[in-house]
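Below you'll find the structures, each written out as structure tokens.
Next come two complexes, and both contain chain A; in the first it sits with chain B, in the second with chain C.
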Partner chain A sequence: MSTQSDNQTVSSVKRSSGWVIFVFFLIGLIASLISGWIAFPKLLYSTRQQPIDFSHKVHMGVVSNGCQSCHYFRDDGSFAGTPTNAECESCHMYPMTSDPDENKLVEEYISENKEVPWLSYAEQPPCVFFSHAAHVKGSDMECATCHGDIGHSDSLREYQENRLTGYSRDIWGYNMLRMGEAKHGQRHKMNDCAACHLEETGSKGDCFQCHK
Partner chain B sequence: MTKQEQHTRTKRYGMVIDLDRCTGCGACMVACYAENNVPFKKNESDKMLSLNWIRVFKVDNGKPFPDTEICYIPKPCMQCDGRHMEGHSPCVSVCPAVATDYDYPTGIVSQIYTRCFGCRYCMAACPYHARKFNWWDPSWPAEMEKYLNPDVSVRMRGVVEKCSFCYHRYQKARDKAYLEGRDEIYEHEYQPACVEACPTGAMTFGDLLNPEHEVYKLSRSKKAFRLLEKLHTNPKVYYLSSKSWVRRKADNYLEGQSPGQQNNARKTETASH
Partner chain C sequence: MKIDRRCFLSLVIGGAVGTTLTPVPWKLTDDIAIWTQNWPWTPEPEEGPSVYKKSVCTLCNGGCGINVRTVRGKAKKIEGQADYPVNRGSLCPMGISATQDLYGPARIKSPMKRAGKRGEGKWEKISWEEAISTVSKKLAELRSREKPHTVACISESDRGTVAYLIDRFLKAYGSPNFIRTPSFQDSQELALYLTQGQQGTIGYDLENSDYILSFGCALLDGRGNAGRMFSAYAGFDKKVKLVQIEPRLSDTASRANTWIPARCGTEGALALGLAHVIVREKLYNKDFVENFSFGFQDWTDEAGKLHKGFSSLVKEYPPEKVAEITGIAGSKIESLARGFAGARRPVAVSGGFGQGSLDETLAINALNALVGNINRPGGIAAVSEPDYLSWSEMKIDKTASNGRKKPRADEAGSSRFPNTGHLLYRLPEVINSSSGDSPIQALLVAGGDPLYTMPDSDAARKAFDKIGFIASFSTYMDETARHADILLPNHQFLERYEDVPTPAGVPKRIIGLTRPVVRQQYDTLHIGDAFIRIAHNLGGFIENALPWKNYEEFLKKTLSNQWKTLEKQGYWVDPEFVIPSWDEAFHTPSGKYEFYPTERNNPSGKDADALPGFKTSGIPGDPEQMPLILIPYESIRIAGGAVGNPPFMTKTVDANVIKDEDVFVELNPKTAKEYGFSEGDTAILKTPAGRAKVRVHLFEGIMPGLAALPEGLGRKAFSDYIAGKGVNINSLLPEVAERGSGLNRCRATRASLTRA
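For the complex of A and B:
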């Protein structure tokens, strides 16, 4: 008799301990997901604002040659990238409006002869070679295909920097799970380049094409 | 299909070095150090530990004084095509990390430093000692860091590096061609730093498959030979020399193996190329 009742207690303990383990597992799982998906990225990336809030929308309405009016190619085929004071100066030697950001540009940078420390969202690590000429001139790609529709934005979004590597979050940090299609403007990782090359050219390309 | 179209697809960039013209000045080595951010140490007296992508070797004919002759052989990476000309070069075939690869559009053997983990199989496989290992992190005097070439990444400790035929210059030339709407780059647009620096014009560079390039003609000259041709690595660096002892030495024969002793065997072998 006594052995039978002992067995019953043991099995009831077993059943209840199973629930306890499951509940603890759930708590642990949720805690890990929160820390991995929410807390860790917050911790990993520092957020900074651009020195001047620039409106692409306003400028696109004024310039004649679209993006390439300011982000142009030099005669040797290299891409000038972010404009320097030399380009801004041609219009903004003196303030044209009463906009506080424009005044900041003129007073703090142009009249001081100091370059604006723009933060580059898409800057690649130093081992990467990227040719704007090959993509924009050679294959007639739109800027927005890689950079997103930044040309019609009214203000610059915040810049997120990986605290460990120092690279922009646009290079890799968004959509770490790689579920679904990554947004344009957030696809600057090697796999993203390779995926597009495979689709368009039939090959991921040779190593030397993009690495230096 | 026109000839021009064929060249757009595949190229075989190569170099021809006229040893009769080389004075051994070392300008090619200096230019290479500056162009490719090759680090140097405070004490460079131990040449076994030196990093250099191109190195000038000195050979002599081994005869005593009145008959002594000397020849300088500048030796970059040979950019081997492999036995059947399909990119199976000695280093590429042994790399377990795919850090070194054969670039089919240009025929240049690439080395990706961020991919290399420093096992040095490629160095053991390379019969030309063209590859160098970074035993230390590179360092330059503080002022010199401003002069580093931004088109070439600096290498870290623990990886292998080698001559790339200044591939970044090819990419720059391509960029210019894209901007001007050309498919082809001109011969003069892509020249490695060593070739440009050579004061005697001993080095010539271009596409070995393009009859309009100078190397096409020179590499087919009677004076032309390659190093260790008997290994069938098919290097893309050709040498010219009017001296037969230099040509014999380039194949690095052991005692009793010299071409004179196995003349007939060698003739049939070279005829098959």
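For the complex of A and C:
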């Protein structure tokens, strides 16, 4: 009988047991979790150090106008952003201390008339129009609200760049799944802007407010 | 333990489940979306402190003052210069988007010579030495054959230092053919000369007028000085009345207090009808007409012959007759005349599409004389060029002197058209009808894009094909440049120096300074330097005529008295310019304002041909075969002149003007119904000059029986952002020269519209 012979064939092949299959499932699961949570971020982001280690803490102690002493607004209301040699050399034309980083600034950049290639943590892509004046002057916001308490840091943290997009990691944030409420200065994607705008102004805003 | 296929599947499933619990899919989706939009060719604006630089825009002859915001040497934004005496801060979309012209794809990036057939678009990059020497050799060869008069030069302007330099070059070389591209200025300048005996432009004091009667002049659609008109319009109070006479509801008409749709081409008759009422009801300014005008009444010449005066002419245009011609009710004509003459500072403005006929311009101008607003606030005034271009006369050799005595190739100043200065539109007919060698052997295109802007494009192209050598100095790859043999690209206006004297229509005498606000982007050369170098190559008297090291030196020396002011404030206002009183203003043979222009070229000798009577609407074509009348219209969003739209501007054009590559012809719904068309239909538009595929747009703001197409489309060159879109309206308009003046009076043509 054909049915009998089929049954005989099936029972004669030795199959892997259920627990073996489960072990393989677990291996796949654990391997992908490890690679997704640990290897993937390391692969996705390249890490670089700033050209010069800068202490905000030291500088905050000697300037009179807080952050705006160096990160100032121009006369026309636009924001100067990261200081250029023109600002640094007003104090650091010659080394003031024996600090190796300060010496590097004077010798390699200011004396050579070369701008320091600072890496900007919060640099938005060019399609985004962001006005510091509207936030800092118009709404009296603190710098730390978006940038974190960088003003009291003694050292510049490493800069991570997304290999695919070329954006700083600060835009997406360090929390890979962007779960939970963003703490100050941790992420700068559009939804983060919108969340704050919704809370503060009652509206997420319109497309053309930022994407001109 | 047996490992089989099921274990492997389980591993994969475990991996897949695990992956969904990691950031990988979510993060990668977002990153890939961004990565696909990170195009390396997207320009990123420079960041840095803003530096504002004052200059003057020269994209058209409007001459608006601009303030350019630059960041680290890049031009980022162009704004109107708030205190500039022409535009007072306002600017048209063309000027605003000129940064796209500067950095855009239409630029010619280096001198080039033709490598394929004419117009094929194959070019070979050459050095400036080779470019200059090629042109010099060609010009030297024509001179050695005693044919300097076969060289012609086309320029967009005959004022300022660049035009002066080129004209001086041509004088020393021996060519009489400096040809300015046609515009509404032609008829206005001619009318000014015939009525007031003054060379110059008509300045309209629109800012101070309280009643502006515009005969089809696209004041707010980009005609003349768009920036100036925006500021003037913004400054009008409620008492100012703007009346727009036009067959189509343009932006100007929609913003006017009154819109009067008159039949196309009958504006001259309407002006005479208004004059009739003003004269009949004695509403004219008696002091001016009786004491400072000539030819108002019938008059007798030295030989004792009796001539008809202007008042007798207008008797032939009673409102009922004019109503029949124009389609405007007689009572409306009467009330319009009373409103115009009763205003405190009325002004009538001529200048519809194209050059305009002399008859019409004289008739409209006569309204200004009747109400005595000449040289009065809110009226019109003659504006001559400032006399800073007073370099000493130069010596020329015999070849040059013989060449200069030859008649001009465009027939301007000939016995046929003795009063007219420039007649570019005559050139194709002259060249095409000549047997043997073309009367023009070498053409230097120093400005304008004649192959695009000339009517009857086929005839123009045929004529250009007969010209042995064409050199273009254009900044952009326009249609004429495409058909040239050699390209000597000029700097874009944001990269060069140039003086801009009072633009036509402005009742002031000023000089503006165009100056480099960014560094030179490509391997271009200032057109002034190119002519100086060509002159130095030719040597002898020609070199001596242009003795300057370069254009900048020539400009600074020419404007030595004004230079400091120009550098500092960007413009200079002539303090000595005073508008003269009536007893000193007129330099005609009678010493008065001439209602009867005695100097007008009048071969028939009949009064009817000297006085600006209405003959016909002059629309070419057979009404039986072509029942519609096609008119062009100006739009502030489409540049109609030599320089085409930058991408920003094309973005602003509505989808019922251009859709994909198709242009829409506007039809009144009644007309559309009559011919069985509905919105969006494709049709073939035929005129005596050509045919084109169009689509239909129904528009209640256009008179029935008319069809309208925008200017500025249908370019075959320039850039991919504008080329190939729509139809060149100029190619559909035939050339119809007005008798006596030679001006192209064709602002409309008969047309037919059939299903495609």
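The working rule: the second predicted complex is superposed on the first by the 194 of 212 C-alpha atoms of A that agree within 3 Å, B and C clash if a C-alpha of one lies under 4 Å from a C-alpha of the other, contacts with A are read in each partner's own complex, and residues count from 1 in each chain.
We adopt the following convention: contacts are C-beta pairs under 8 Å (C-beta built on N, C-alpha and C of every residue); 3 or more make two chains touch, one makes a residue touch a chain.
Quick caveat: nothing in here was measured; it's all calculated off a predicted structure.
Aligning the shared chain A places chain B and chain C in steric conflict.
Once the two complexes are overlaid on the shared chain, A:S78 sits against chain B and chain C alike. In the superposed model, A:M60 lies in contact with neither chain B nor chain C.
Which of chain B and chain C touches more residues of chain A: that partner is C.
Of the two partner chains placed by the overlay, neither chain B nor chain C lies in contact with A:I52. Contacts of A:L119 after superposition: neither chain B nor chain C is touched.
Of the two partner chains placed by the overlay, neither chain B nor chain C lies in contact with A:A144. Of the two partner chains placed around the shared chain by superposition, neither chain B nor chain C is touched by A:A194.
In the superposition on chain A, A:D206 makes contact with chain B only, while chain C stays out of contact range.
Clashing C-alpha atoms with chain C appear in a single stretch of chain B, chosen from 2-10, 92-100, 164-172 or 218-226: 218-226.
According to the touch criterion, the shared surface of chain A, contacted by chain B in one complex and chain C in the other, consists of residues 76, 78, 126. By the touch rule above, chain C contacts chain A in their complex via residues 1-4, 6-8, 10-19, 21-24, 26-28, 30-32, 34-35, 38, 42, 44-45, 47, 49-50. Those residues of chain A that touch chain C in the complex are listed here as 14-17, 20-22, 24-33, 35-37, 40-41, 44, 74, 76, 78, 80-81, 125-126, 162, 164-167, 172, 176-177. The touching residues of chain A, counted against chain B in their complex, run 73, 75-78, 126-127, 129, 131, 133-134, 137-138, 206-209, 211-212.
By the touch criterion given at the top, residues 98, 101, 103-106, 108, 110, 112-115, 150-154, 164, 167-168, 171-172, 174-181 of chain B touch chain A in their complex.
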